[in-house]
Structures are given as structure tokens and as C-alpha cells.
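Heads up, the next two complexes both have subunit A, just with different partners, subunit B and then subunit C.
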Partner chain A sequence: MLYGNQKIYYLLERVGDSYMKLETGSTINIKKKKKKKKIWDAWLLVIPTLAVFIFFFLIPLFFLFITSFKTFDASTGIGGEWTFQNYIKFISDPFYLGVLWRTVKIGLITTLVTIIISYPVAFQIAKAKGKVKNYLTLLVLSPLLISMVIRCYGWVILLSNNGVINSSLMKLGWIDQPLELLYSEFSVIVGMVHVLFPYMVLSIMGSLERIDTSVLRASQNLGASSLKTFTSVTLPLTLPGIFAGSVMVFSLSVSSFVTPSILGGPQVKVMSYITYEQVAVMLNWPYGGAIGFILIFIATITIVFYSKILSKSKKGVAIQ
Partner chain B sequence: MSYLKIENLVKTYNKTEVVKKLSLEIKKGELMSFLGPSGCGKTTTLNMIAGFLDVDGGKIEVDNESVQHLPPNKREMGMVFQNYALFPHMTVFDNVAYGLKLRKVTKVEIKRRVQEVLEMVRLSGFEKRYPKELSGGQQQRVSLARALVIKPKVLLLDEPLSNLDAKLRQQMREEIVEIQKELGITTIFVTHDQEEALAISDRIAVMFEGRIEQVDTPADIYNHPETDFVSQFIGEVNRVRGKVLEVYENNKCKLFFYGSEQIVSIHSKQNSEIDFFIRPEKIQILTSPSNKGDEIKTIVERKMFLGPKTRYFLKIEDNHIVADISNTMINPNDIHQGSNVFAIWKPEDLLPSRKGR
Partner chain C sequence: MKKKRLPSFVLNFSCLLIYVFLLAPIIVVLLSSLTTTEYIVFPPEGLTFRWYAELLEHPEFIHSLLLSILVAFLTAIIATAIGTLASLAIVRYEFKGKEAIVQLVGSPLLIPSVVFGVALLQFYSWIGLAASPLALVIGHIILTVPFVVRLVVASLVGFDRSIEQAALNLGAGPFKVFLQITLPIIKSGIIAGAIFAFITSFDDLTVALFIVSTDVVTLPVRIYTYMQYQYDPIITSISSIMILFTIVLMIIIERVLGVGKIFSSKNQ
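Now for the complex of A and B:
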């Protein structure tokens, strides 16, 4: 769990940075012109956060990184020798590679599904006005008010072999055998999408709201249908929102622990679970650390790659 | 003859009519300004013409065909928005080419026409820039080029110059008129700047509270305002009050203004009081009384040197008026604050107020 959170923050920080550069590229020059003193005033406000970040995140992370190159000692946990063995062990074992692939796959599918589900929702909320808008936003955020554990057990009730869905389908006579819904990648993805889609909705909504209605009108005025206006104006202008949402959802998804543990069980092992196993059960800190860093590495690459695809030929992501 | 015809147009928001039975006819190739104070319904009317707003009554016809049932993308009207509304994720070229691509014009033809129109707005060489990388005036010209390139039936401009500084505004408005005349495109130009409207329009529709007060050429709007609102909104006016002393035949009256007597063409009753508007430049001043009895004694309260002319603030009894006098007529150094001068005006320059009649 500890690693899970650290990874999230680390990823958001990293990706957030490069994303900010993409989005605010043109404002950087302006900032430079401001007087030096002003910059220092602004930095003063950041110092407490920065201190917490450095002492409670960066430095421990650094020690963990070092630890991941140490040997395992059964009695003390961390041995005295330096080694690459932890990383080699991971790369050369199909079981661990399988876990990594499954984690990334679940993350990608979860991200894709949340985009598809969230876009229309965000679109409607962005269009709504006044009170209706507030209520709809609250409705979307409401899952976040309930403990993740409770939400997951809700899905267990729905998806288990004698759960609501299976027993209903059997009563209807559509199936004879219960479907294996629970303890599968499917159930993990369902749970993750449920947990994470508010982030995506908020993110897409933000970029939808920033679109000036007169730009949409201009498109129609020039002869574009509503659909064409959507595909050539609205969608490109919301790519930054989709991207930011994807980064959040993907990072939270690949590092999540509770949801795959409850809805996936021992059959659907993911990276955070085997990290936990190594650190808390086997007490093998060096190997746990190595697994954690491999996930950070892979997730970062995935996000960078994803951002490349998304912003390819669309400089619009950088503008607005 | 009229190309764009609007009849009894009505728009209602929450039970209040913001456009009230507005009717207007615009000739082909004409530049018509909508001039009126903020909130009088200019944008609302324009949006109804462009199809962004549903009408709550009335008709809109272009070339004798109703366009009301058409969605905005089928109306063939080019609009230039107040904030330009350029597509931020597209280059200047793509912005301008947008409408042409939708019309399935060939690539070669698109390139030719985009270049042609960019040349017209003097932006050749800016094709690869993004809107963020352009100045306000340049963005405005891209927006104009984007609307012009599709050869719209009607060009709609909603305060296109309001975000520019004074100098650029003047320059741009001349360019717009030049291009408009060159292409002979029927145009509606929305503005609340009367100087702008007077300078560029073939005709002006003065709007007030959802209604058109008067439609006329700039000169007629200025010299023959038909309503009190137009008199006061266009240019500057003084208000003076006269009392009818005698009523003659053929609609003439002898009026008494602050100690002077004048014969004015107006229909009225004995002893009634009439308010008139008179423009500052229509008032002359004399340093000594004439002998005709039509001069009015005033006190100079203040004067303001304005280059070619001087503005004199005069007090007549308990009324205050201003007179703009060319400095070639009277040397402002000869007129001192607190001294007495005599104001005269021609009876035909008096614009009778519709109220109090």
C-alpha cells in the first residue's frame, strides 16, 4: 500500500511536469520577465510543501532505490552486498513478467473504458447550468465519499457466483451455469472504472468548460454539422483534459491495491500485490523495492508513449 | 431590391422581449451598421440572423428565400465574432481553410483561395502560425479572412474592432470597408461606437431597447434624427426650450428663446413650450449684439481649446449649452471666462424634440 501511494505521487509529479510544459509552453517566457523578488515570494509559499515532499517522499524513495540493489538476507532483510540480481530475477521470470503485463493491461483497459464512459457524462454536465450542474457534479463525485472497501464488497455481492447478476440471469433462464464474473480481470476492471471515473469526468469537464462557445458557433457558421464540429473542434480541444485524466486514472489503476485484492483475489495478481507480498510477507525489501521501481519505470514509459500518440500532429494539445 | 429582409423579428428571454418586432431591409452589397447602446439587442439580432438563436416570431429572408428553418451551417453566412473565435488548435492556414474543406473544395483550390484571401487581409506568410502567436489585429484579420473565403451570402460582424486600440481600430475599419466594397458583399456591422458607424456605413440602423429607431444614411441620421433617442445618441446636442408666441399659417410659429425671437417651421399651439436639440457646431457666437434681435445673451463659463476648434461652455439663464467654434472664425484668446457673448443659431438647425410636443 505504501508503495502504491508513493508511485502515484511520483508519477503524477513527473508526468504533471511534462504535461504542464506542454500546456503552458507559451507562458513560461512571460514568467521569466517578472522581477526576481516576486519569484522568491512565490517560492516561500511552496517551501513547506516542498520540504514535506523531499523529506517524506524523495529521500525515502532514494533509499528504497538503493535498497533494491542490495542482496536479501534472511535474518536482517537487507543484506550488505551490491547486486543487480533483484532486477534480473524479475525480468527472467515469466511469472513476474506476466504480473507486470497484466497490471499494465488492466491499467490501459481501465483508462480506455473510463474515457468512453466519462466523456458523455462530462459533456452533459458541462452543458448543464446552475443548480442542475452542481447536483450532477455531486452525483459523479459521490462514489468518492464511500470507502473503497465498501464499494468493492458491493461489487462482490453483484458479481459473485450466487450474486445478484448470476442468480437473475439463471432465473431468467438465459444461463445454466453461473458466469465466472468475480475474481477475474473483468471484475477488477469493473471495480477500478467505478472508483476512478470521477477523476476522468472532472478532468474532461474542465477542458470542455474552457472551450469558448463562439468557437463552436464559428465552426457551425463555416458549414460544419454538430458532429463535424465535435470531431474537429471540441474533441481536439479536450485532448489535454483526456490526457490529464488518463494519467491520473492509469497511475492510480496500476498502483491500486485494495480493488484488485478484493475483486481479483489470488487469481488476479498485480504488481502492488506482489510488492506487498515481498515486503510484508517475505520481508524481502530489496526485491520488493525492485518490483516497485520496475512498475514506476514501466508506467512512466507508458504515459510518455501515450502522450506522444495523443499529441501527435495535434499541436492543439499544447495550445489553449 | 432588398437582399436580406427581416420582418417583425421577436426574441423573448424569460418573458421579456429583448428584440421587439424588428423589421429591416438590406440591399445587395450594402454595408449596414447596427448601432445602439449596450444591451439593446444587437448581438441577439445578429445571432438570430446567423441561426444561433431560434426566433420567437417574425421572418428572415435572404434573396427572397426564407432561411429561418435552416441550421447555422446551412445558411452561408460568414460571421466575425467579437473575440475572433479562431480555432486555437489550428494554424492560420487551417483556420481559413476550414470552411473550404467542409465544402469539398480540392486541395489545390483551397491553397489558392486561402493564399488569395490572406493576401487581401495582408497576412501572407503567417500561414503556419497559431492564433496564440498573433496580435489582436492579426487575429481579427484571420477571422475576417476565414469568413470571407467561403464567399458567404451575408457577412456578419459583431463588434469586430472592440478589442483593438484606437489607432488599429481606425486602420482596420478602413480595411474592412475596402474589402467589403471590393467584394460587394452584403454586410451587417454591429457596433456601439457611433463614430465608427458614421464613418463606414452605407446606412445605419440605430437600435434602442430591441427596436430600430431609425434607418438612414450617416448624414441623414446625423442631420435629421427622427427620434429624441437618435438626436441624443448620435453626436452631441444641447437642449434649449422655446415658448410659442404666435402661430402663423403654413406651419410656422414665432418662438421666444431666452430673450430672443425666431420664426421656426413647426406645428404647435399658442403658449405651448417646445424643447429643441441643437448641435454644438451649429451655434455661432458674437462678441457684440447683432441688431436683428435673434441673439441670446450668455456668460462664458469655461472654454476648452481643441486644436482646430474651441469648445465654449455657455450659461443661458439657468440652462447650460456648449458651442464649438472654429478657431479661424474667432480667436479663442479674445473670449474671456466670465465675459458676455451672444449666441445665435439658424432656425432650421433646431431639431424639435418629439416629447413635449
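Now for the complex of A and C:
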């Protein structure tokens, strides 16, 4: 259950860049005398992780980045010449720009729908107490533990032409022909909302729980209706949570691969899918690499943008 | 009070619908594995465990399940071990480049897995590392160490080091102090890290898709490729086994750690 939660905190820290310093910075400086000897201890402790990360994460990504500036060679995959052509090809071809736009569009719609359906759930959980609260949280987070392939597969069964939704609509006589629900942007968005919804709930719940209840009581004592209290007190106070959740959901959505490839397939090509396709089907490594790095750029730029806004509006205030 | 009742009814009702939405695909998979038909249908027609028996005729699914468990198990152990050591360094020492290491260890969460998968495949083919459980485990270690470090760092922060000091003063060696004092106190963080490493590895399709070969196929990849060509209830029965496996795992965790405990640490 902490899975989603940790990821949220992690991303929040990355963008806010404050928790980690708080957590790690304050506990050190205990002993400065044995410093020299201790530095060696520290390096011994991090070296296994560092070695694995350098060899199997940094170096592979660096090589892929280099590859993305190479020409394509039909026999070996990677040619010998240096070129910017892969990036130029992407930004000058309407097809690939269309894929980029579709990826961003699906990300934006997913984020919006996720906000709308997460808010009531976060509100209900924040209001609940004791055991009920634990069980509701468990209910919301438990899908995170079930394999994503299987969850998407469940949506395939539900949305297919002879699936539950189509057959019940036909039985009711509302439609004569099954709707083409599967392998469309619609099914990809449904699947993504389903996968990413818990992250948004946790993010909004965090900011709901930080609201001082005396503020709400004050608002009610001053004669505001519960609706008025909600729109002018609760909602504005939870905007940072909504905002942080949106950044996370959007960046996870544009980089996700499993959901769009199972529920969209070749009919709904997104950035991650064409990265896969270029490498695994076309064997065009340089172009696949270039698309991959454009995807990294899109997925992280929102977070950078967010942290810029955050640091402008004074970290402390925004996070609270 | 009457005014308040309607909004809370609306709230509870809409939440109920959302919970149905949340559980629908999982319940559909579980129930449609019991159908007597040759194709997947929901609601299932009839009731049979035939498709579970049929799995025995598809040993490749069983092999993949066992491989996935093996890879996830090794990933969990190695990622937890190295991640815990790194967390100790991050929390307890001040050294040059620490901030960079913290950023590096966290960055796999920000890189789309598909790009990491491509990069790793290219690198493996260059160094000549063929598809093997080891190749998968290495990839999964990168994906899971960030979680382990986050969880263990969280359990190390706020650790009262005077207890360790006391043990040292009483004559215990540093290794003994670590095993008998430090480890038991940060145990829950380490166990949680191992569990999430296991689940992340067990669930991974994106990175594994690039690394697998015809002999070495993890279960998510097996299911993914199978369902591109066939649409029979075998998939739902193996998926149901995976779901039940996860539920059993969660019940064990609940017994060991307690749901309340996990949540109380989170809510604060």
C-alpha cells in the first residue's frame, strides 16, 4: 500500500525538493571528529548501489542518447554517421507530431477525469475515522497491487464488442450495433484513469487532512452554508494537493506503456508505443532512441515547470 | 441537520460508483475464469474449474509463473540489501556527492520504463549478456531500489541513535549493534521495501518485454503476448491465480505488519 504513497512522496520531494533535505540534513552532523574515517564507511555502504546504477542505468541511457544522434543502417540498425536527422524527422513529420499531441491530450483528459472522480473519494476517506478509514484506504490502494496487465485485461473483457457494456446496452435496446469502445482513445483513458486514480486520491487526501478543522467551524459559525464552506474554504485549501497530484498523474500517464498498448494497441499510438515499435519492430534504434528522449523531455518538463511555480510561490505555503 | 443529509448521500453514492469502477476489471477477470464457454464471456455461463485444469496442459504458463516468482524474489533480496546499505549512508553520513547519489537513486521513477528498457536491451546486446533471469533481475533492481531507499530512509529518520551508543558503550561490537539494535528497529521499513520490490518486479511488463527471449519469459510478458493472438479463458484463469497470489501475500503482510500499522505510519 505504501507503494503509491511512497511514489507520491518521492515525486513531491523531487518537485518540492524539501523533504529529503529535511529528513537527511538534520540527522547528520552528529559527529564531525571521525569524519575522515567515516567518509570511507559511507562510500563502502553506497558503492554496491552506485555501481549497479552507473553500469546498468546511467551508461545504458547515455549510450542510447548517443545512438539517437546516429544514422539508421538497415543491416546493423545503427549507422556510423552523426546526425540530428532523427530529432528533425520527429518535429517535421505531422504523423509523429500527431502521436505527440495524442499522448499529451490523453494525459490531459486522464488528469482532468482523475481529479473529478478522486475528489469525492478523498473527501470521504478524509472524513472517515478509525477502521472505516483504514478499510477505505485499503480499498482504494489495493488495485495498485494487482498486476497492471491483468487490470487492463479486465477492461478488455468489459469494453470489447461482445463485452458487458455493449451487450447490456444492446439488450436495453439503446443501440443496434456494438459501440467501438475498445482500441480507442476512450478505452486508453478509462484504463489510465483506473490505474492512476489512487495516486490522485492520496495527493488530495494529504491536503484535506492538513486543513485545520477550526477554519471550517469558523466558516460555518459565520453563517456559511456547507456548500459555501466547501467552495470558498475547503476547495482553495486543497488546490496544492490537486496540483501536485495532477503533475504526477500527467507525467505517469504520458510515459505509461502497458495501458495504451493493451487497450489502444496500434490503433491508438502514443509516444511509448512508437518508441517500442521503432526498436522492436522497425529495428530503427537511433530513431527509437530519439523518440524515447523526447518522451523523457515531455514527462519531466511538467515536473520542472511545477517546481518552478512552486519555488516562485514560496515552497512552504504551496506545500501546505 | 436535514440540509446536511442530502450532500452526504450524494457523496456516498458517487463514491460507491467509483469503488465499483475500481474493482470492476478485477472482479470480471476472476468471475469469467469460471465460464464453461470456449471464449471469454461476462457474466460467465455455467460454472467450472476446467480452465484451471487446462493450465496444466500449458506448462509454459507454469514455467513463466515460477520464473516470475524467482526473479521477483531475487530482485527483492538484492534490492533490499543494497538499498538498505545506501540508505544508511544517506541518512547517517555527510559526504561529497551525496545529493547527486540521492538524485541518481531516485531517478528511475522519473524515466519512462519503456526508454529504460530500450537502453538496457541495447547495452545488454553490446556486452553480450543474453536473456536470463540475471539480466531481468538487474533491470528490476534499478526499478525497485528507489522504493527500498525511500522506505528505509523513512524508517531511519527519527531513529534514536543513543540506543546504539548505549550498546556500544556496553561493549557490543559495531556489527552486533547493527544486527541486534539497528536492524530490528528499522525492520518494518526493510520488510515493506522488500515487499514492494517483489510486487514491482512481479508486475513489470515494460522492461521485461525488451529483455525476454523465447525460453526466458516472465508471466506478464507471457500473458501479454498470448492475448494478442488468443482470446480464451486460460488467460483469465492464470490471471486469477496471480490475483489470488497477491491477495494471499497481502494477508500474510497484514498478519505480520498489520494494516493499521502501515497506515498509521503513513497518516502522520
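Definition applied: the second predicted complex is superposed on the first by the 232 of 320 C-alpha atoms of A that agree within 3 Å, B and C clash if a C-alpha of one lies under 4 Å from a C-alpha of the other, contacts with A are read in each partner's own complex, and residues count from 1 in each chain.
Criterion: a contact is a pair of C-beta atoms (placed from the backbone, for glycine too) under 8 Å apart; a residue touches a chain by one contact, two chains touch by 3 or more.
What you are looking at is a predicted structure, and each value in this text was computed from that prediction instead of being measured.
*Asks:* Per the contact definition in the header, classify A:Phe90: touching subunit B only (first), subunit C only (second), both, or neither.
*Replies:* Neither partner.
*Asks:* First (subunit B), second (subunit C), both or neither: which does A:Phe186 touch?
*Replies:* neither
*Asks:* As a test of reading the superposition: which chain, subunit B or subunit C, is in touch with more residues of subunit A?
*Replies:* Per-residue touch count on subunit A favours C.
*Asks:* Which of the two partners, first being subunit B and second being subunit C, lies in contact with A:Phe72: first, second, both, or neither?
*Replies:* neither
*Asks:* Is A:Leu158 touching the first partner subunit B, the second partner subunit C, both, or neither of them?
*Replies:* In the superposed model, A:Leu158 contacts subunit C only, not subunit B.
*Asks:* So, does A:Phe243 touch the first partner subunit B, the second partner subunit C, both, or neither?
*Replies:* Neither subunit B nor subunit C is touched by A:Phe243.
*Asks:* Based on the superposed arrangement, let me know which partner A:Lys228 touches: subunit B (first), subunit C (second), both, or neither?
*Replies:* Only subunit B is touched by A:Lys228; subunit C is not.
*Asks:* Please work out whether A:Ser219 is in contact with subunit B alone, subunit C alone, both, or neither, and reply first, second, both or neither.
*Replies:* In the superposed model, A:Ser219 contacts subunit B only, not subunit C.
*Asks:* For subunit A, which residues belong to both interfaces, subunit B and subunit C?
*Replies:* On subunit A, the overlap between the subunit B and subunit C contacts is residues 225.
*Asks:* Contact residues on subunit A for subunit B in the complex?
*Replies:* 26, 212, 214-215, 217-225, 228, 232-233, 236-237, 314-317, 319-320
*Asks:* Under the touch definition given earlier, write down the residues of subunit B that touch subunit A in their complex.
*Replies:* The contact residues of subunit B facing subunit A are 50-52, 71-79, 81-83, 85-90, 98-99, 102-103, 130-132, 146-147, 150.
*Asks:* Using the touch definition from the top, list the residues of subunit A that touch subunit C in their complex.
*Replies:* Against subunit C, subunit A makes touches at 1-3, 5-7, 9-11, 14, 20, 23-24, 27-30, 35, 38-39, 41-43, 45-46, 48-50, 52-53, 56-61, 63-64, 67, 117, 120-121, 123-124, 133-134, 137-140, 142-143, 145-158, 162-164, 194, 197, 209, 225-227, 251, 254-258, 262, 272, 275-276, 279-280, 285, 288-289, 292-293, 295-296, 299-300, 303.
*Asks:* Enumerate the contact residues on subunit C facing subunit A in the complex.
*Replies:* Touching subunit A from subunit C are residues 3-4, 7, 11-12, 14-15, 18-19, 21-29, 32, 40-43, 81-83, 85-86, 88-95, 98, 101-102, 104-116, 118-123, 126, 138-139, 141-142, 145-147, 149-151, 153-154, 156-157, 159, 161, 192, 196, 199-200, 202-203, 205-206, 209-210, 220, 223-224, 227, 235-236, 239, 242-243, 246, 250, 259-260, 262-263, 266-267.
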